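We just call them A, B, C and D in the order they show up, numbering each chain from 1.
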């Protein structure tokens, strides 16, 4: 989920309702607010809490995975405890970015949060933004140490890495592709689903997923290659994630805004 | 195909016969000598010609795709004319490496060779070694200019790129995955096959391909994740491509050698 | 300046006093708290404010450059207004990290902060952590738009870039090297000084600077190559910046701590 | 030295004479034919030999450092033996490119050549083209094993690396900067000189060097920042090294050519 903004840069809760309604209509199976597309690092702690509360209140029973990423372990702990308190289904934790953490720092960060929050948790791998990759060995260590860890959002765009971690896939550990244009290739080797930004304004990803799950591989492939790939390329012509915001605002005739330092994409 | 060496570093033609026989037995549909695994840059021009002739003579009717890569356009032209003369099925041309060419240099190189050799040609994309990626626009330009271009070996290991070029796939343009561990994901979005180094000593890749083609996706996935991925990781613990050589020598009880500057992998 | 921690992970103000005293003794000409070595992203907003206040109160008249970096423009504005209010000499602003900003996002971020704080500002270039390089054209734009911008801390470790921006150096725009092991080469082409992490526990950098300024180039070179380079390599064997913390704690016999997610370096 | 070409792409020996005459006039202290700017990978073995012979014959007593780089150890050996036979002053050897060699492959390659040629040798570090960096430990190993190794051309553009290897500098081991825009910073920490491509058509680099050596640091700095850096940036707007060729042809009113796959730079 992106975080809808008003023209003045404040969060637009009305538009957030529109977004949730749209996501329910196209048939997604859960909500992930406050991820990278949601621009969590641009938000203040209080905004993040309030936004999460709003999403949970308007989720109509859909699971809500709460992004609690931070470069500060302390802040992630605070956000995790809040997410638990307000009823999030699970946490989504990423490495403590900025300082390009090593694997021990990643383990320390995850451990501190999970030990305090004790709730279902997804590992979020996104090295191009977090400054570090979560190595397979680290995933194994975390997974074996904390039964709270129930899965992983894998957004590296590196299918070689994705393939190498598929060996961890099980009933107790879901692996979910975070890149829209890699959805079908990932499903073909057993991925459990996708957390895909294009859903913010398009139903293509859900259609591809459903086609694949129903065994209609040729339809899934056709949507993947002819719809998702070009749509993603078009959306990402603008600096990530501003293209998602423009497409969402345009689809729903919203004036919309771009929270600084995000800038409005050129037409 | 790797290029088998004797302990003294010279090409081992007897072992080459063993390799071709093995490849035929496991059911590959064509031979690609003198690619990166074949260590073509370590060979002298005359060696490359003689090795190609040997492979063609012992191909038992299998198509032979001749690698004619070079940093020198002149040398690639010479090798292409020779390949044509001795009956290769098609050329495999890569960008002129070392100098990290731009797209105009890539187009110039391909054009010079194809205009002189006039024969079926595969584009070989391997940016991690060639020092440059062949951009989708360049592929389109080359493909539209030269009907001789019949396909592409894509070895970037970047599935995002692979997805974006799948729009060029047609009856007249085959797209082939060059990375073993990305075979099934690539087939799932319409790739025409694989050019896979593990075939030098293992039948797993061919089995996965056949399973996929026969519609047994779960078997294909199972081989991909549980056999190919770990075997590739194990093979590449040694500096590429020395692990392929050791595995081949061991499988066929050959003494075998490592042409300098390749060094024997540590046990 | 690093941010000294107690064994429980809280800021150690007594040790901070020790650090400032040490820095004054070795002869530094200004203090830069809350930079990358200071681990600002691990601190909460209130901690950052309190630490800055402490440093200013104990600066004994030394200029204090306040790091106000954040991925959130809003937070940087808040920190800048606070820094102004409590008497910081200048701001040090970096690009809004995490989202790998483009140049327009960088300009937007800097502009928002400077327009609100109206005080002397240093640009902080550290692409390896900020996720983006501040292009020379962007520096020129910012410098020409805001007379408040009085200089730059350049920590890219890329001397080619450093050389290319030296054309901006003037009486109104200081360029300062942020990498200890590039100090003397930078001074040789006109850099105005260094902001160097080794000063936290060593006087070598200041000695090299003074030797250079007094015209004793051979002494400067000697310290650079034989003392600074090996000391920096030794310090950075541990994950940055934990080696600086250990060396500081050891030098002053402090128990010291490692704020999570930083982990204690192995011996 | 670049390798002058005629409009038809063949080596232009008359222009080569013009180039050598120019280099002598501006006061260089040695010639380095068949390096990267010389586009050695675009030349056939026989061309390389003939070009080297021409340069030696017309060197008027200047030392000639012969580039014998190749991805094939065998070819490098052949070129080294030839260089020795025709009276080159020293060899310049680079890692065996294309295959992204590891340190053992680099050591194997250098050892094979030096053991056969037994003559003065410079190590040539240029990771951005060779696909691998020569690690400091490897330099130490090679240097200690082979007294024939008398120095190093360091073209990585990484001053951190350059600083770290300056500890090897001695009367028996010269370290030479291969990047024009890093000349003065390198001299400031003890580099023995530069191997600089701009000398092909400009005297600025030699002037900067002489100013530095005579103790006129402010003149050296002035030339470095105001002449060399902008001239290098202008030259490298075109794909390396075509801008050097155009500038050389224009300076001496030569028609000149661009050996394929190099393409003529756009005006």
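The criterion applied here is as follows: a contact is a pair of C-beta atoms (placed from the backbone, for glycine too) under 8 Å apart; a residue touches a chain by one contact, two chains touch by 3 or more.
Since this is a predicted model, take the numbers as computed values, not measurements.
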Longest centre-to-centre distance from subunit C, chain (CA-based): B
Gap in Å, rounded to a whole number, between the CA centres of subunit D and subunit C: 37
Inter-centroid spacing, subunit C versus subunit A (mean Cα positions, whole Å): 33
Whole-Å gap between the CA centroids of subunit A and subunit D: 49
Touching two or more other chains - residue numbers and ranges from subunit A: none
Chain pairs that touch, as defined at the top of this document: A-B, A-C, B-D, C-D
In the complex with subunit C, residue positions of subunit A that touch it: 36, 39, 41-44, 71-75, 96-102, 104-106, 108-109, 112, 128-129, 131, 239-241, 259-263
In the complex, subunit D residues that touch subunit C: 157, 159-160, 163-164, 166-167, 179, 181-182, 184-190, 217, 221, 224-226, 229-230, 233
